[in-house]
Structures are given as structure tokens and as C-alpha cells.
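Chain lettering (A, B and C) follows the sequence in which the chains are written, and residue indices restart at 1 in each chain.
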Amino acid sequence: MSQSSEVVRIEHVTRVFGEVRAVDDLSLSLSEGEVVGFLGTNGAGKTTTIKMLLGLVRPTSGSVSVFGGDPADPATRAKMGYMPEIAYYYPYLNARELLSFYGGLCGMDRRTIRARTDELLETVGLADAAKRPLKTYSKGMLQRAGIAQALLSDPPLLVLDEPFTGLDPLARIHFRELMRSLRDRGKTIFFSSHELGETELLCDRVAIMKHGRCFYQGPVRQLAGEGERNLERLFLDVLEKGAVS
Amino acid sequence: MKTFLRQMGALVRLSFVELWRRNDVFGLLVLALALMVPLSMASPFGASGASRYLDEAALLLIWAFSLFIALGTGSRLFPPEFESRTVYPLLSKPVSRGRVLFGKYLGAVSASWSALAFFYVLYFGSSLLRGGSASSEFFQAVALHFAFVALAVSVSLLGSLLVTPSANLTLSSIALAGMFFFGRRLPEYADAISAPLAWLVRLVYAAGPHAEFFDMRQRLVHGWGAVDAGVFAAVLAYAAAYSCVCLALAAAVLKRRRL
Amino acid sequence: MTTGSSARGLAPHLAAAALGIVVAVSLALAAGRFGDAMPQVATGGDALSVAFGDAKAAISLAMVRKADSYFHGGIDMDCGDAHGHRQGQAHDHEGDHGHDDDHGHVEGDVAPARDGCDPWRWINARVRAPEVHRHLERAEAVELMPWFWAAVKADPHNADAWTTAMYVAERMLKDVDLARRIAGEARAKNPDSLEIACAAACLEYGGGHGDVQAAEALFERVRSIGKAKCGGRLGELNPHDAEEYCRALDYLSKIMADRGDSAGVQRLLDEARSTGIQTPVLDSISRRLP
């Protein structure tokens, strides 16, 4: 794998909060066009890792680089789209205004914002509800609004935190197809999830975290080829035994 | 530059939309009408022709409302972002924390100014109907009031990053309203009390936000005329400097804030 | 089915509303029945009395101070804002009812600096001062009336507010009918006030050009109120009431002197002396004796 196709490099990153080592000596890299799943139980360090990837939190030690740059630099973040796990977006805005707001923050001009907004609202199935205030949205609708704002500036790297939460089965299928189409267009996708089935269907590789440490990184397909050792089995093995080869 | 302007525009629009869709301003307007209409129809002892008391009451209401709007808008800039977790998608965008802070501040100030302008237009209209006219002290008073609102928003914004929303509103209101009514008397009070408390009062007098500098109500009501241009400029400069200090402190706090 | 569901959903709210109404009505009935047993309830008082209690007196005083500041062109005399006094400006002190000319005249355009370190001295000295010490012109005196009105609404027993309003109406607005209306209302709400009765009587007297007969009756009314207050022992009147009592006697002595009733004037002088206070009124009455 050449250095030039490397999108994300996380090298021996540790993050300590007081007495707690939220992330412990994590090393991880993402290549262009990869879809990487980030798994682990609650409190495993997934969200902290994502925050460091976005430049919201500084590592205590180690380094994080995205497209060769520091994620704390706004210019680097311009190449990322982030969807949070839960966000109760501004209740007085509607979906169209929400995307217009985020588009403005990305420095997009009005014409581009309008075109992308129309397209994305259609894609995520919010076109009919676009003018309703966000405070009237269900959890699933807010999640879809979140997906739309992450995709707004058409970034090469997508960082998604629990993207399947709150989506009904049909919405999940649509979302999975959307992710596949983005991957086919060369986007790099990094997402955390508790949904092993969806992760197995989408990802090229997975990383499994436990107590701040990454105990497994590897391709999903290889796992499926080892007979009974599917992703669920692998996940349980990591939780029980720790490192798995 | 274009990116900066687009980012500021987006942040300003956010505060604007929120203020006017919350209907706080319309609620205050109804309250103002409920108070002012009966007052204007009152005939004290059956004598007609008095109008300065109406000006005084209207201006006091405008000041009270402006403080309510400024502190309310300023105090809601960041806490809801953290509570609803929208701070993460916000700061994940290619915009620095400093720009977010400044853009939100501009938004809160613009929104508060728009509400203030609304009330002053109504006041000016009613004044014209009662035979008043535009004067230099009126425009000066409005300009200083706008400057005060910018200062009040900066105080409230800083408070919103340091304490809980309710504590922020309480402390900011006490600080600003207290200085508004009693600020210029603090040195006299300090002279009359004993040492440790006197120093505290002097410290408050030195460092507190001097809202009373911006209060031109008596000039308008009694026709005292405009203040000297130098004093006017000095008070505006005070507002700008104080706001800058508050914003700088807020930026430092936000930079260190654990997300 | 849907209707039934809706009704079931509303039932708790209706029950809560009904309970609230029952509680409110019960409290109202209880207050009416047992109100007199609760010492803190101001029976017979208006809404302001119930809401504010003793604070209404403070509010009333504040309203009178506000009227005073309006009279001085917006300058709050208590705050010592009256720093400027231009030389040669003629003041119309006709309107200075009870007004001491001790404004602290300071020359110059800037308020005097305080001793000690004041980092805001430069701004403070210029934002408010120099306010020209001036009094309201006659026609502008109507601007004082709302504040006196508010003062007596807050505290109907604020005699100073009533009498000053009468004065402003009579002397500054030159509206004697207005002054009479105020006097009538003041007396109705303060039937036992010597100060108000005396002021009303002075109004009727009008410097000798008014209804002297009506004024005399009112001055006699002041005498009877005063005697009733002290049970006929004039030496036990409080100093303020004694001043007003003697003032009434002064006017009565003038009326009697105009009729040539010297014996009446002497009786009034003796009566004034029996109050025990030292007042220029005694000399004034004495001068009317032959």
C-alpha cells in the first residue's frame, strides 16, 4: 500500500482523561476507497478515537494525520464529513435550513448549497419533510438529516458514528446502498457501529476495540472464509480472550 | 475572505432565525402594549398634556426588554450546542473554534439589535404621533444602546461557557442591571463602609460592566441635548474594549473546553 | 372507539382542572370568612395595599422624588447631580413649594472630581454633567402630575404628594378647578389630615381673593380635626400637626382682622401659644392685634 493512497494514519495514539486511558496505544490506517468498521462495546474508546480523528480532542501521545495534515487544521477537516451518533439539531430550523447552515460553514456558495440540498434531501428521503421544523422530526429522520449534512460538501472521507441507529429496516437498506455507491465513487468511509450484520455486509476491514486497545484489525472477508468464524464469533472471541490472530 | 464571510453569514443567520422564531420579541411587544396603552390613556387627576412620563416608561421598558433579549440570546449560544450534541458536527466543519465563537457572537448581537431596532422604531413612531421629532440626542442614545447590547451579549456569552445557564442569567442580570441603577454610586458606598468590603466594591466599580455610561434616557426625556462627541466616542470605545476582553476570555475557555 | 379513547385521555386533565377550581373557590371563601383572623391580610385595602404592604409608602416617596427631579429638569437632587449653575440665569422660584435653594452650586462645565482613585472619572464627569440647574416652566408643570398621581395611588395617605399636586395645579398650571378636584379627592381619602385640610383651605382662600367664607369653614375644620386628635390638649399635638394647626389659626386671624374682630384674633393667638411650638406664625398673628 503506497503512502500516497493513505487517507488516515493513527500512530501509537494514547488519550488519557485523568485516571482513565480511553485510548491506549492505538495504531490504525485507512486507505483511499476503503470502508472500515470500528467495533467495540460501550466505553471501548471508539468515540474518543473518532473525536481525535476530527481534531476535536488532542491525543495525549502519538499522532493522527488525515490526508497528511493535522485534523485540528480546518483545511484538513474540509476533506471530512462527520455524522455524530446522536444530535438533536437546531429545533427552530428545518432540514433545508440546516443544510444551508452547514453548507455555509463549509464555505460553499449558495447555488451549490441549493443544488446539493435538493439532491441530498431526495437521497435520504426527507424531501417531503424538508420544510418542517426539526423539532417535529423523529429520531430516524434526525439521523437521516445527519447523514445528509455529512455528505453535503461531498468530502473524500466520511466518519460516521453509529450511522444505523434509529433507522428502520427499509432506511437501513437504502443507507447501505448509499454507502456502497459512495465507496464505488472512491470515498473512504470509517464508521463505528454496534450492528455486526450491517458491518459485515459493508466493510472491507474491521477494527475491534476493548478497554481502549485495538485487539483486532483485519479484513472481514478473510474472516468469513475461515468457516464458522464470522464477525459475530470474532467479536465475542475478542471480548472473551483479548487479542485474536 | 469569501469563506470567512460565508461562515459568518451562516452563524449569524442561525441566531437570527432562532430569536424571531422563538417569538420572545412578540411576547415582549404584547407585554409592552399591555403596559403602555393603559398608561397612555391615563389622565392623572384629569389633567391632560403630560407626555414625558410616557417617554420615560417606554424607554425603561425598551431597556429592560433589550437586556432580557441580549442576555437570553447570549446565554443560549453554547449550552444548547453541548446539550444537544450539535457542537460535534459544528466543530467538525472546516471552521475554527475562534470563528465559531465570533460568528455566534455576531449572530446574537445582530439578532438582539434587530429586536432593539424594532422597539425603537415603534417608540419613534409613537413619539412622532405625539408631536416629537428626530434629534441628534435620539440617534446618539440609540447608538449607545446598541453598543450596550453588544457588551451585554459578550458578558452573557462568557458566562454561558463558565457556569450553568440559570446561574449565568442570574449573575449577568444582577451585574448589568445593578451597574445600570447603582453603578455611579458605588464609590460613595465604598467610602462609607469598612476596608475589606470597600475594596471589593471598588473592584466591582473598576472592573464591572458600566451599563450606566450608555443610559441616555434622561437626556431624551428632558431634552438635555447630546453628549459631547469625544464622550460619545469614549463610551463606544469602552463597549468595544469590554466586549473584546469578554470574547478573548470566552475564546480561551472554549479552546480549553473538553469535548 | 376513538371518541372513547379521547375522552379517557382527557379525563385526568378535566379532573385536575376541576380540583383546581374547587381549591381556588375554597381559598377565596376562606379568605372572606376568616380573613379578619389573619393579621397579615390587609382587609379593606386595594390591590396595591395587598400586594405591596409597607412598600407602598416607599414607592410613593420615590414617585414624589421623581416629580422633584422632573421639576429640576430631570436632575436627581438627592444624587447631587446638580453640579452646574450658570451665572446670571434667572430662576423662576415661584414654583419652589418647600424648595430649599441649596443645590450645591459649582462653577464650571464638569462635575467636581471625587477624592481618591476613580478610573472612570473622565467618563462619569461628562456623561451626566454638566446638567444645567433649571426649573420646569409653568406650562411644562403638567409633566409633574403623573408622578404625583402615581404617588397617591401607591399611598393615598401621602399628604406631601397631595398638597404639592394642589400647589402645582394652582400656582404653576393656574388651574384652580384642577387644584380643587385634587383637594376634594385628598380630603375624601384623608379626612383626618391637618396638612391636607389646611392646604385645601389655603386654596379656597386664594390669597384673599377666593371664597373667603368657604376658606374660613375649612380652616375651622382644621381646628376641629386638630382638637379631636389631641382631645383638646393642644400641647400634645405632634410638631408637624401643630405647625399646620397654627398655620390655620394664622389665616383665621387674618380673616378676623379683616372683619375688625380683635378679640377673636387675641383668642387665636392664645390658642396658638397653647400648642407650645415656636413658630413665626405667633408673630404674624400678633402683628394683627391693634
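Note that in this section a contact is a pair of C-beta atoms (placed from the backbone, for glycine too) under 8 Å apart; a residue touches a chain by one contact, two chains touch by 3 or more.
For clarity, every value in this text was computed on a predicted model and none was experimentally measured.
Counting steps between touching chains, the shortest path from chain A to chain C takes 2. When every chain is reduced to the mean of its C-alpha atoms, the one closest to the centre of the whole protein set is B. Comparing mean CA positions across the assembly, the chain most remote from chain C is A.
Chain C has its Cα centroid 75 Å from the Cα centroid of chain A.
Inter-chain centre distance (chain B to chain C, centres taken as mean C-alpha positions): 36 Å. Centroids of chain A and chain B (each the mean of its C-alpha atoms) stand 41 Å apart.
In chain A, there is no position where the chain touches two or more neighbouring chains simultaneously.
Of all residues in chain B, none touches two or more other chains. Of all the residues in chain A, the ones that touch chain B in their complex are 17, 51, 54-57, 74-78, 80, 82-90, 92-93, 97, 100-109, 146, 149-150, 159. Those residues of chain C that touch chain B in the shared complex are 70, 73-74, 79, 114, 116, 118-120, 122-124, 126-128, 131, 142-150, 165, 169, 173, 175, 178, 181-182, 185. Contact residues on chain B toward chain C in their complex (touch as defined above): 42, 44-53, 184-185, 187, 191, 205-206, 210, 212-213, 218, 221-222, 224, 227-228, 230-231, 234-235, 238.
Listed in rising order, the residues of chain B touching chain A in the complex are 2-3, 6-7, 9-11, 13-14, 17-18, 21-22, 84-86, 88-96, 258-259.
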